[in-house]
Structures are given as C-alpha cells and as structure tokens.
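Look for chain A in each of the two complexes below; its partner is chain B in the first and chain C in the second.
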Partner chain A sequence: MAIKKFAVACYDDEEVLFPAVKQVRNSGYKIHDVYTPFAVHGLDEALGHKSTDLHIAGFIFGLTGTSTAVGFISWIFTSDWPLNFGGKPHFSLPAWIPITFELTVLFAAVGMVLTFCYLNQIMPGVKKHVFHPRQSDDMFVMALELNEHATEQEAIDFLKSTGAKETSVQIAEAGWWYGRFDKPEEYERLNA
Partner chain B sequence: MHIKYESFVREPLVNSEKDYHQVTEDIISPIEKKPGRMWYVGFLFSVALLLYGVFSVSWSVYWGLGTWGVNKTIGWGWDITNFVWWVGIGHAGTLISAILLLFRQGWRTGVNRAAEAMTIFAVMCAGQFPIFHMGRVWDGFFVLPYPNSRGPLWPNFNSPLLWDVFAISTYFTVSLLFWYSGLIPDFATVRDRAKTKFRKMTYGFASFGWTGTAKNWQRHEALSLVLAGLATPLVLSVHTIVSFDFATSVIPGWHTTIFPPYFVAGAVFSGFAMVQTLLVITRKILHLEEYITIGHLEAMNKVIVLTGSIVGIAYLTELFMSWYSGAWGEQAAFKWRILGPYWWSYWAMMTCNVVSPQLFWVKKLRRNIPFTFVMSIVVNIGMWFERFVIIVTSLYRDWIPGSWAYYSPQWPEVGFYLGTFGLFFTCYFLFAKYFPVIAVAEIKFVLKTSGENYKRNMQAIENQSNEEFLHEVETDHASHEEVAHH
Partner chain C sequence: MNDRFEIPASLKRNSLALIAIGIITLLIGAFTMLGGDVYDKTRFWIVLLHNSVFFLLISVASIFIQAAVALAQGSWIVAYRRVPEAIGANVWLFGIIALVIMFCIVFGFDVKGVNPIYEWVHPGNDKILQGKSNFLNKGMFAGFSIVTVGLWAFFGRKFRAMSLAQENAPKNNTKIYWKFFRWSGLFLLVYGLTQMSTTPWLWIMSTQPHWYSTLFSWYTFASAFVSGMALILLWVVYLKNQGNLVLVTKEHMHDLAKFMFAFSIFWTYLWFAQYMLIWYSNQPEETIYFKLRQQGPYSVLFYSNFIINFCMPILILMSRPSKRNYFTVTFMAMIIIFGHWLDYYQMIVPGPMGSHWHMGWYELGIFAGFVGIMMTCVSRTLARTSLVPKNNILLKETIVHLS
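Up next, the complex of A and B:
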C-alpha cells in the first residue's frame, strides 16, 4: 500500500479509449489501471495483461471435490461402518456418482469464487479509491502514475490530446484498505 | 472485441434511444426512489401470507404430522408435490443464465438477473417441504454426514433421498454464488452514484470494494464462463436426482427410465412460466419495457411451447409403455390415474400442460402480453397437477385393494403451501426494490450491437461489400495484436 500521485483521464467511449491506451503505452507513461463500467473485450490485451489462470484453480478445486466424495464415501461404506443394502457390494461406485458430481461442482464453484475474491482483493468491508464516480456508470477512466520524470501539466496536456473528456490530478492510496465508502474523511486522513 | 455487426433480422434487445448513462439511470433509479403504494400493499400481503405459513408449520411441528391429510397408503401428499413444484420452478433462472450464456443467446441479458433471483427464492421455498416432512424436524441434521455419537452411523449415500440433499444444497449454493458474482459490479454502480450516506455504506459493503479494473473484468468474465459451464450440468442433475426419488422405487407409475428427461423438461417449462408471471408485472411497474421487450417474452414463450410439447410426448410415452410392458400393475396404475376418483387431476394436467400451450405456435399470441400472463399461470397450475398426479395417483390404489385410500389436504398443509408463496414474494418484493433488477453491466456490454439506436448505424456496414467488411475486421484485430505485443 502506498500513497501516490495520479493523473486521471476520463473517456466517454471505449472506441476513444483503445487508441488512447495505445498512445499512452507508446509514450512511456506508466498506466496504474483502467476502470470501466463493464467488461470491455480486448482491453486486457491492449494493456498487456496476461490471460487469467482462474479456470485452472477451478479445475483443481473440482478435482478436490471429486476425490473428497469418492474417498470419504468409500472409506465409510467399506471400512468405517459397512452396511448391507440387500446384498449389494459395499463398494458400489455407480450409486455414488450423483454425490460425487455434486461435490465436484460445489468445490469448484466455491473455490473459484473465493480465489476470484482473493485475486481481485475484494471482500465485504474492503475499500478502494474511486477515481471518478462515473467509472461504474458511463466513463472509462485511466489513471497514470506520476513520478519525478513526468510533470503534472505535461501529463494532463498529453491525456487531453488523446481525447479525454475530463482530467484531474489526484493523490490517492493505490491499494485497498478496510473502510467505508460513506466516509471520505478517512481518505483525507490517509493523505495527511 | 466482439464483432461490430449485428443482423437486422434480430430485433433489438434494448428499445429506443439509449446510451450507457441512460441505462444506469433507468435500472438503478427505482432503487433510489421511495416505493409506490402498490409495492407496500404487495409486500405487506406477502409478509402476512408468510406469517400464516409460519403458524401452519408451527402447528404441524407441535402436534405432529397427524394434522396432515396423509395416511398409510398415501404417505406423500401436498408436501412433496409442492417440493417438486418449487424445485422445478427454480430451474429457469440457471437455465437462462448458464445454458443460454453457453449458447450465446443475447436476449438472456435482459432477464437473467430477475430469473436467477426467482430461482434462488424458489429453491428456498422448496427446501422447506422435505425438512418439515421429517416430522421430528429437530433431528433434521441427521441427514448431514458428520462424525456423530450414533456409531458413528452415517447417512445412506446410496439413497436418492440423500442425493437430493446434496443436489439441492449444491444447486442453491452455486446459484447464489453465480447470482452474487454478477451483482457485485452493479452494486458498485449503485454505490458510486449514491447520494445518502446509508446507501453509500450498505452498497459499499455489498459491492466488496469493486472498482472494475481491466484485470477485475477479465477474471469476472472467466468466472462467469466457468460457473456457467458448471451450472449447466448441475441444473440438469438436480431435477434428474429429484426424479430418482421416484424412478428408483418399485411403485407402478414411478418406476420408469423416462423420468429424468421428462422431469427436466417439465422443470424448465414451469420455471419459464413463473419467470413470465413475474416479469410481465415487474417490467410494467418498474417501467422496464424497453429492456424486457416483447421480443424477450416471445423468446421465453417459444421455450414454453417446446418444453410443453416434450412434456406432452412424455405423458403419451408413459401411457404407451404401461400398455406395451404387459405388466398388469403398470396398466392398472394408469387406468386408475386416468379414470379413477382422481380423474380430474389427470385431465387438469393434460389440458393445462399439453393442450393450451400449443396456442403459442401462433405468433400473435406469443407476443400478446395479457395472453402470456394468463398462460404462464395456467402452465404453473398444470405443472402443480402433474406432480400431484405422479405422487398421489400412483399411491392411492396400491397392490392390496384393502388398503386403497383417498387423500385430501388438511388446513396446515394448505397453510404451509400458502406460506411458501409468502416467502417467495416477500423475497421478490425486497429484490425488486433494493437490487438492480436487470444486469446493468451486461446490458451495457451488448448495447452497441443490440440497442435500437445503435442498430440503426449498422446500415453503413450493411451497405459494405464482404471484402470491405472483412478487411475492416482484420485491421481492427491486427491493431489490437500490435498493442498486445508492444
């Protein structure tokens, strides 16, 4: 976690955003992040993000569920407390398919959602800086990290030239913290 | 980026002039306004029904299941009928949000949020019935596999009734997670435009601190797709397993291999009918006619006529098989089902499920809102009778004529059923008031290809030759690749 200085540009259309991202990356500015109100396909590639491995986590959680179900039921019915159901074999795998399937899905889904929350660092009670209140409405917001090499005015002028509708300079916490969205004073305390 | 062209053949998914901000405004602003008088009336009525249900169930638990009409011959009555009915209704939401996502059906975006909410509430209602059918409900936790002081004696993992416990609880959990993961970005939208402190705090909490970075969205898309992939076989498995409760027994009328697909089709049938009932009202009251269009309603009516026909074929197949099997027990079961003292329930089922939905082959009727509303209720009455027919008319005339019996519900059973309506509508009213009823982010995602005003701009692309169009798509793609490699 660190307090940083950002130059923020708001675009009103994803078709303006894409060339802007390209220009900014070519010019050597460091993009902190781009905030969009919905999933804009191709934006992750344009920013140079790798594809996510979340589905692999899902697969591993699913396998855990499968083995939990098969292992647990077979231990119970063959060794812990074998019961005789009409002379059928103790190890009756076909009858365990439904529960095995359900636990596979359950583990995969719960595990993936928890992994998703962990990777995105989101949780009830987590607060993050919102650069523009309309970044979840109709604005596509790009935040550049400012350092000693880039003066505020240069950065803002450059962002305006890429088609930004609104620009601003903000000092903000770059990571997340425990807090409430109805308490802006908390943010000022962090900045102090 | 998805392809920019959308055919004129498809009707727009969002009507009239809309931009991103207008979408937010239309869907989120009902949350910020005080609810109307109708909302209070409906909500309080639902709460009253719920309280009556609580009273009926408390009565049943206190005095025991002897207060119900079930007897030694007909051990399953309204209670299990209602259970299967509610679970069936709870299938449409996941079908819309998962299976239609995999099939890339764009129209699901307008209705998936409400349909999935409905699913979750319906499964909550369904769950009550087997729990209180246990009688000694305080021992209900015996169905859970945990190390206990009774041996440890484990539940029977080979029993379809236990499979049901796993299936329904998994289905509930996964549907809830799928629904909520879609809600997180929309809650962030409510939070960011909140004017009051309380709203900012609660939606800030509910949105988990979501900000919508490129990486956030990339993972969100991956999560939605995999959850859809998981929920698709799951939704099919749930009603399959419910049908196993019957099909694995040796009761004539239940012991058939057609049950799993027949139950799944019936579940989708009744689920879509319930979605229609709710959305016809919701779109009117919240003024969402431009998002839940007649095209959406028509698409769901098509699903209803398809699944209704599948159910009809299943009924006829059952009849054929009982004759073709040559087993007199089977033949007698179907004879008593159709012609016995419960004949009215069989014919109510046939009329409501097989005959009347065929009217949806007429396009004018599929696009007629009052007709759709009436039909959605008719279908759900029919599907309730289907479960009643399967359960009660298979049991009431069993192998020994001396034990033949008749069954009528007593007031606590009726009260219990009404109470689940109370639970369902209480939850739905709260949902309609405090949640974004339509997936805002998903509508914005399809807006530029499927919105009416954007579709008009397609004319330019329409006039292009194939070569021109393909060239544009390729250069567009190449420019993104270039950025990615940079």
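Up next, the complex of A and C:
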C-alpha cells in the first residue's frame, strides 16, 4: 500500500507508444506501467521487463500434481484398498499414467492461473486504480512515477513532446487493495 | 545480404565420403550376407528397407509442415522456407530408392517359398493372411506405393515451384499465395490418406501381418514429423553458420525447437496410448508385439527408445533458454533423429528378425550412406536459388516475428 504521484499520458496509436516508451526510459523516468486495450507484442521487451518466472511455478505445480496422483493412487491400490483388476499386479503403473497426466495438467493449470492473477494483481473483488477509463477501450495509457527529482510540469511537458494526446497528474494507490476506494476518507486513512 | 548458398568444399567432400561409406557397406553386405542363412539375407534387405522408409518419411514431413503452415497462414517459417522446400523437392529421390528396395523385397526376396520380411506375399494355408489378402497382396502393395510416392514427389516439387514463381510475380500479388493455400489443403488430404493411415500399414506394419494396431500410422507419423522438424532445424543451423539466412533469428529457432519439444511429447502420448491399451486388454494376439520388444531380445532398444525420445527432450528442451540456445537445439535435433531412427528400427526389424538382430557396421554404414545422399541432394537444391524468399507477401511479417 503506497500512495504515489503519477504523471499519466494517453496515446492513441501503438506506433507512437513504442518510441515514447523508448524516450521515457532513456530520459530516466520510472515507468509505473503501461495499460493497453489489447496485448501488444514486444511491449514487455520495450519496457525492459525480465522474462517471467511463471513457467517455473508451473513446473513445480505440475510436479506436485504428478506426485499427488502417483502417491495417492499407489497408496489406495497397494495398501488401503487393494483390488484385483484382471489379474494385474496391485502396483500397475501403466494404468495410472492417464490419471497422473490429468492431475499434472490440472495442478499446473490451476496453479499457474492463480499465480498469474497474483503476479498481475487481479482477483475477483480486488480493486486497482484506473488511470484512464479508455485504457481498456482505445487508448494506450502510460503512467510515470513522480518523485522529488521530477517536477510535475517537466514531466507533463516531456510526455506531450513524445506525442501524448492527453496528460494528467494523479495521486493514486499504486498497488491493489480489497474494499472501497471511492470515499475520500479511505484515501486519507491510507495516507496517514 | 548474403542470400546465395555456395556449397562449401568440406560439405561436398564429407557427403561424398558418407555416400562412399554407404556404397562400400552395401557391397560388403551383399557379398557377406546374401550368401548366408535366412537371417543374414533378411538383415541385408530389412536394414535397407528401414533406412529408405525412414529417410523418405522424414523428408515428406517437410512437405507436410509447409502445407500445414500455409493453411494456418503462419509467417514464422517464411524466413527459412527454402529449407523445407529443398528437402521436399528431393522426396522423389528417396521415394525411388524406397520403391526399388521394397519391390526387390516383395517380388524378388524368396527363401524356399517364404518371404521372410513380408510374410503375406505367400499366404499359404494361413487363415488370417488369407482373410487379409484383399488388401495385403503384391498388386495392392505395388500400386499403392507407386501412387503414394508419386503424389508426394509431385507435391514436393509443386510447392517449391509455386514458391519460386512468387519471386517473379508482381509485388504484393496474392494470387500465388492463395493458389499455394488451395494446393496445401489438397496435400493434407493426400497425406492423411497415405502417411497418416494406409502407407505405414503396407510398408511397416505388414512385417508382422498377424498383428495390427489402429493407432500405428499416427505413431509413425509422429515419429517422422518430429525428426523431420529436427532435420529442418539442422539445415537452418548449418546455413546460419555459413553466413546465410540472416533473417533467421533466435525467435525462429525457438519456434522450431518448440515443435521438436511438443511433438516429442505427442510421440510419447501415442507410443503410450498404443502400449497401454494392449497391456490392459492383454490379448495374446496383440501382446505378441510388446512381448517381443519389451520382454524379449529388444528390451534394450525398447527402453532406450523411451529415454532418448521422451525423457531427454522433455528435460533438456523444456526451458525457454535451452530452446533458444544453438548448441542445445542442434544437439537435441541430432539426438531426436537418431532416436527416431532407432524407433523405426524397432518397428520394422523385430518381426522378421526375431532374436537374431545385430546393430553394427552394416546398419550404421547404410545410415551414413543415406545421410550422405540427404546432404548432397538438399545442398545442391539449396544452392540453385536465392535463400531469401523475395516478394513473399509474408516476408515483412517473418522479419519482425516474435515467438
């Protein structure tokens, strides 16, 4: 939870957005995030994001699923409730492979979705500040974090020079939160 | 831009040396084995059958990937599309070699009234073979094989010709693009009716004519396709090392490696699906296939097949950095080609050879000969035209491609 001051720029074309991102990064401003109405290929590299560790999480979730399935089935069929299926041995690995595979996929998929939601700070019931209502419609919105080294006017002028259609300065919560945020007193409570 | 490939002297020398090794092996094999007992003779022919079918099917996979990508309107292959085109344009050569060998076996290989490789040639009093003789007979085999190879060879050359014609077409003209699209659809139909269903029944599964599996053709297709992608990757890496294919970046290599990775898993899926159903129902006429391979004299090949073709790709190619590393993907491409060569070996050889199999100078020498033929003819085709598909309407898209 941190209230910060942002300079927000809206672009109407990704071909303007890419050079703008480059200029902003070169001039030393810190980009909080860029919001786009659709997935823009190559934007994560332009923003300098390192590649995600989501797939490592997926691998670990998958291994958890595999060991859960093999452990659980082998416990049931060899010690808890052994059954005779057509004279096959109690420990029949080939017959368990489909279930093991399914559980691996299930654990990996569900685990990765939840991890993805956590990393991107999206979850049912969770709120985030919306910098511009058209960021999910037809505008590419870039938010810069302002600090004592960068004055508002400088930042706004600079953003306008990169081709922004609209600019504004906003004081907003940077992270996510649970609950309401439309009441001024909650803002103040968090700020205190 | 370095868009012409000039065959280096080392490639010419090495490929000719490999062909020479193959021919010498063939001659020595003919002198030492054809005079021997029935298993010596069978070994002579079945290794030729195994290698010619394997190399034919992995080169046909290059035509398949062109058609599949054209139908999906993919651009990622365009940067190096001359490579699958060149491999596909040489399908006729491997087709003729395979046809000659198969016809020698079907029509000319006879040991005391029995054909040791294709037992169905003389059904005799065998009820099962008599019942299958409407499909498994010499005329059907010959006709079907000629039609299959003819269609594959035609499509391989047709695709290359269409793609080359695009270079001289008016700029941004999509006529040839849509023509290619339609021919691709037609090829997938042909491919589905040959490689994905009937052809492996005739060429491979009929070496054990009493046994059958409805999944078999899919399984051979997965095997051929993953090694075909590995073959394309090896050529792309080689051409990049020669300073050609400057448009190909790590993004394109990543895509090829993803295909190798994903279809190794797909191969395992089919391998296991076939195995598990037979293991589960446990009927003697079906389990005979795995009795011989898993518990019999081929168990070494059976388990190494699984380790090489599943465990190694899934562990080594899983992470993103390893798919973008030229050394890892080249190494894995060679491993995958060798592994699926072993896979074809244990599809074809166990039925006729039983416990009398050898993996030695003869098998590897013939393999070397086929590698030499592949290197010679594909490099010659590649050197004939520019490696950059100029004027291709997806060229810009492939340059900015991100995997």
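Everything below uses one rule, namely that the second predicted complex is superposed on the first by the 178 of 192 C-alpha atoms of A that agree within 3 Å, B and C clash if a C-alpha of one lies under 4 Å from a C-alpha of the other, contacts with A are read in each partner's own complex, and residues count from 1 in each chain.
One rule holds in what follows: a contact is a pair of C-beta atoms (placed from the backbone, for glycine too) under 8 Å apart; a residue touches a chain by one contact, two chains touch by 3 or more.
Note that the structure is a prediction, hence the values are computed from the model and not measured.
Asks: Could you tell me if A:Pro37 is touching chain B, chain C, both of them or neither one (first, second, both, neither)?
Replies: Only chain B; A:Pro37 stays clear of chain C.
Asks: Would you sort A:Asn120 into first (chain B), second (chain C), both or neither based on which partner it touches?
Replies: first
Asks: Regarding the shared-chain residue A:Ala95, is it in contact with chain B (first), chain C (second), both, or neither?
Replies: It touches chain B and chain C both.
Asks: Just chain B (first), just chain C (second), both, or neither: which does A:Gly28 touch?
Replies: Neither partner.
Asks: In the superposed arrangement, does A:His55 touch chain B (first), chain C (second), both or neither?
Replies: both
Asks: Where on chain A do chain B and chain C both make contact?
Replies: 41-42, 51, 55, 95, 98
Asks: Quick check on the complex: what are the chain A residues that touch chain B?
Replies: Touching chain B from chain A are residues 18, 21-22, 25-26, 33-49, 51-52, 54-55, 58, 62, 72-73, 76-77, 80-81, 83, 85, 88, 92, 95-96, 98-99, 101-103, 105-106, 108-110, 112-113, 116-117, 119-130, 133-138, 176, 180-182.
Asks: Chain C touches which residues of chain A in the complex?
Replies: Per the stated touch rule, the residues are 41-42, 51, 55, 59, 86, 94-95, 97-98.
Asks: Help me check something: in the complex, which residues belonging to chain C touch chain A?
Replies: By the definition above, chain C touches chain A via 272, 275-276, 279-280, 282, 318-320, 402.
Asks: Give every residue of chain B touching chain A within the complex, in rising order.
Replies: 1-2, 19-21, 24, 145, 151-154, 156-158, 160, 162-163, 166-167, 170, 173-174, 177-178, 181, 184-185, 188-189, 191-194, 197-198, 200-201, 203-206, 208-223, 225-227, 230-231, 233-234, 237, 241, 244, 440-442, 444-445, 479-481, 483-484, 486
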